[in-house]
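The following pair of complexes shares a single chain, subunit A, combined with subunit B in the former and subunit C in the latter.
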Partner chain A sequence: MYINFKAIANWAKSAAGITITISIAVALYATINSGPYVLVNTIITGGMLALVATGLTLMLGVLNIAMFAHGEYFMIGSLTAFYVFTPISNYIMENPDSFLVIIGPVIAIVLSMVSGAIAGVISEKLVFGPLRRRSTDNWVMNSFLLTVGLSVLLINLHQLIFGADFKGIVRYWGGMPVSIAGAFISRDRIMAFLISGLIVFLFWFFMTYTRTGRAIRAVSQDATGAQIVGINIENIVLLTIALSCALAGVAGGSLLFMYPSYPTMGLEPLYMAWFVVILSGLGNILGAVAGAFMVALLKVVTVEYIGAGWDFVVPSALIMLILIFKPSGIFGSEVRGVLDK
Partner chain B sequence: MENIQKRQPVNTEKSREKENNSSISKESNQSLSKKGNQSLSKERNQSILKEGDQSISTLDVFLEKTGFTPVGLLGVILLLIMPFIPPFNQEYLLRWLIYAAFIAAMSVGFDFTAGYINIVNFGYAAVMGYGGYTSSILAINLGLTPWIGILIGGLNSAILGLIIGMISLRLRGIFAACLSWFFGLALMGLATKLVWLTRGPLGLRVPRMFATESNIPFYYLVIILLVAMYILCKWVVKSKIGLAFQAIGQNMDAARTSGINPVFYRVFNFTLSCALAGILGGFYAHYYAILTPEVMHTSKTVEVLAVAYIGGRGSLWGGAVIAFPFIFIMEIIRSTLSNLPGLNLIIYAMLLILVMIYYPGGFSYFFDTHIRKPKNKALRYFLNGRETSAS
Partner chain C sequence: MLLEVKELDAGYGYLQILRKVSLQVDTGEYVCIVGPNGAGKSTTMKSISGLLKPMGGKIYFNGEDITGLPAYEVTQKGIAFVSEEMNLFVNMSVQENLLMGAYTIKDKNAQQDRMEFVYDLFPRLAERKSQLAGTMSGGERKMLAIGRGMMSKPTLMLVDEPSFGLAPQLTETVFESLDILIKNGVTIMLVEQNVNKTLSVTDRAYVLENGRIGLDGKSSDVANDSYVKKVFLGV
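And then the complex of A and B:
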């Protein structure tokens, strides 16, 4: 069997290769040094981040909207899951043998995805659509500021209608934690990771192999060209927003047991997802997934070795360094080309 | 006379955009004309301009130097006598006034970056907080008087702005905004975690600037800061540097091809606007006498951003004018409808969204197109100042 060592060496010398190798090394070191829970935490946080960040990178790639309100769809998803799951869990308490023990959480998570998609469609119809029809001059900046307003609006609507207290649940699926390689992991965490893995896989499959997914990618590469070959831009735009907000919503819904719902809960996933997008460059779904795990690792390792609360300082400093030396991200190549129209 | 026409006041947003598009070519024309024989006619034009200017009054000269229109000057005078007009002479209304003036000054500095070189400095509040922390830590640990501390805070923030400007050079638009945002997040994280220095979320207790309980000296200080910052920014923007800023904001590549060096202008812009933020941060710390990492939060930047954009980007005065009614309405809603928390923020977010979609020029555009051009000559002078001066 012939192995192309030269290609591997070249890859290892590229920015992507260096970062991936270093992250794997750091992950291994931390796992050996502090125990496997570092790896487990990284994988679960990374799975959630991958969902939010792929939505964000999709928005940026297709619609050129630098979303500041993406965390708010995360919040909407978790809020929906809370209000759907609370009655279900009360019912389960009374009837422990009901089929809802298994299905109930799934219903809540699916509904959180649907509510995220609906919220995305509504915001497209009420906010982005009117702006697009009015003018597309300086679109990136204007739409970005629009999403800033949207974020403030959604946060405070939550506070006004549902109150500012923490709305959380104890668990989705009960039962004993599972032991994997000496670390005890609750079933909810495993399920959350499985859900995010499944959805990212489905999403990647959809984008790569279906006709609609290819149409979305075509629009992200060249909107005019896509229109010439007969793609309905309006539908694609609507679908993209619904998809990316649904991804954020399902992330919020499936992590309700870790992050209770409250008005400003969306900020942290938003910061982290932006770190991922900047790190991995734009329009690259697999890159965003890899970047999500790197940022998650960075965060977990920071909390482990430096202390809680530093997890904004160290990742931002590192990402600023990356931005200085590689402005287009470690996997991307034409960030500026896409954004500077 | 062509030259004089070019110096006509840039009134409307649209005409300003046109001006900007032509400004790039104008810049290149100027550089060309230095070598070519066009320079002769140019000098003649300027001499004509000077001869025409000799009949202007001292008020006009003053207005021209400071960048105010008569109505603007009247507004400043109104602000100066405001603490003695009955509803505003109560202490709590004076506190609102001070906060409004503070936000107004912030929005001037913010608009200096966002409206001209078209980069939103998303860590602006963090830079402000950094200046405030510098000044207060000096005052607490070294006993330095706040007057010098504020200046040092401004200087320190200027250095920070220099760094942000330098490292964001290779990035454009939204990516530069993200970088400044991450910078702000990192600063806020540092302020929260360096407990031995900043006491973290507990907040730093800062000596006040004036020993009195009264708010009046603080009010005058912030008004002086506001006016001085406006004059400084206006002066820079009116000069050739401002033209270069606009060219860079519109189209960086075109600006570069016409011989503008974006490195200098962008770094200069960041440095100046961050220095202003640092000075204001010092004022904030020494007025409220307590400084928590909350002031560096992104939501504070969003507040300044909303004011600057509702006021109208690229105008400097728009945000400063709109800040006063805006802050007052917000405070009134907050204090009267206290059982509905967050309603004022909902209203301001709706306002920001509506303005961004349906009226992107903001208040200054509305003023320029609908109010500024009355038929009456005296009124016209009152609103615009002398005709040939750029307003």
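And then the complex of A and C:
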């Protein structure tokens, strides 16, 4: 087989190559030094972050919206999963042999995805669409302010209707934790990782190889060019917003066992996802997946070696450094601000 | 008649640029619009392709009224627009850009046929299949833009300023590729600032000035017109 060593060497010297190499080294060191649970935590957190961050990247690339309400779709997903799974869980308690033991959580997670998508479509129809039709002057600023407003609205609607308490579940699948390389990992965590891995893979496949996925990328790279080749931008915009909110929703739904649903629960994944997007470069979908695992690693390692209170400080400091020295992000090939689009 | 533009008014916001522009293109013709900067050449193209909503007037394509249709529907009717800025998908490979050009064709085999046709036309693109469009030279990008336009199997191609920003040598290559397209039975409407060259290769010409058609006729006649000679050719 022909291997292009020069290309590999060039890649290793690029910002992306250096960062990925360092991350893998740090992950390996931490795993050997502190035990495999570091790696497991990184992968689970990273998988969840990847779901939220790819959605954020999509919104930014295709709709040119700096989305600050994305955490609320995460919250909507977890809320849906809670209200769907609680009756299922009660039923399971009475009928432990029911087929719902296996299928019940799947139903809850799928519905959380659907509810995320529906919420996304509703916000496009009621909020972003009308603004776009009225005027696209100063679009980046106006749409950003809209998302902040939307975020406040959704948080308070949650509080008004469902109350401010923690709505959590004990477990999805339950059962004995599985031992992997000496670390005990609960089944729910493994499932959460598998779900996010599967969805990120399907999503990547969809974006890379299907006609519609290519159309989404085309719109994000050149909206005029996309119109010229015959793409109906309105449809792509609606699809994109549904897709990216569905990704956030399913992340919220599948992690309900770790993060109970409450009004402001979306803020943490939102900030983390923004770290990922800035780190990996705006509008770069595959970069966002890699970036998600890097931010997750950074977070886990910080908690492990510096202290639990620092897991926001270290990534924030890194983001500042990146914005100063490489504002296009480590996977971004060129500096192209959202504002110039 | 393939394309008929009747008394088209167009502009941006409050600024009207085109005033009652009328023109016609027959099947198989090679027509150009020449004129000074700011005359409204690109605006005419954008209005026909659907990127800009006309303020007044009518546009007919194949006898069908396409005035004010969104750009994607105009493309589906068989008009391909190669814009001045090319609007390529810079982070996609040459192959993917061409595939996007065939977006309106759903049949995979037909897509492949078009792709081979374009690669035959521009062997240079075939050599660079997997290169990212954004990393190619200006001339290659122009070729890719024209190739992408060809992918949808258009009956009419609108080409805006193909020589813009290109070295004279590359301009020649681009004009040659347009010649090949004409020989393949595509109708082309060309907008150019390179008046001399354009009038020597096209069949018919419209001279656009201050948003109005000042003169039209056979390209050779237009090139010999004393006014055109004085103003554009500097003879």
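Criterion: the second predicted complex is superposed on the first by the 330 of 341 C-alpha atoms of A that agree within 3 Å, B and C clash if a C-alpha of one lies under 4 Å from a C-alpha of the other, contacts with A are read in each partner's own complex, and residues count from 1 in each chain.
Here, contacts are C-beta pairs under 8 Å (C-beta built on N, C-alpha and C of every residue); 3 or more make two chains touch, one makes a residue touch a chain.
None of the values given here were measured: they were computed from a predicted structure.
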Which of subunit B and subunit C A:Ser316 touches, first, second, both or neither: first
Subunit C versus subunit B, contacts on subunit A by residue: B
Subunit B versus subunit C as contact partner of A:Pro87, first or second or both or neither: neither
First (subunit B), second (subunit C), both or neither touched by A:Asn142: first
Partner chain(s) touched by A:Gly225 [first = subunit B, second = subunit C, both, neither]: second
First, second, both or neither for A:Arg211, with subunit B first and subunit C second: second
Contacts of A:Pro177 with subunit B and subunit C, given as first, second, both or neither: neither
Intersection of subunit A interface sets (partners subunit B, subunit C): none
Footprint of subunit B on subunit A - complex, ascending: 66, 127, 130-131, 134-135, 138, 140-142, 144-146, 148-153, 155-157, 159-160, 164, 263, 267, 271, 274-275, 278, 307, 309-310, 312-313, 316-317, 319-320, 323-324, 327, 335-336, 339-340
Parts of subunit B lying in touch with subunit A, wherever the complex brings them together: 118, 120, 167, 170-175, 177-179, 181-183, 185-186, 188-190, 192-193, 298-299, 302, 305-306, 309, 340-343, 345-346, 348-350, 352-353, 356-358, 360
Complex interface listing, subunit C residues touching subunit A: 49-51, 70-72, 75-76, 80-81, 83, 85-92, 96, 99-101, 103-104, 106, 134, 148-149, 151-152
In the complex, subunit A residues that touch subunit C: 211, 214-215, 217-218, 221-222, 224-233, 333-334
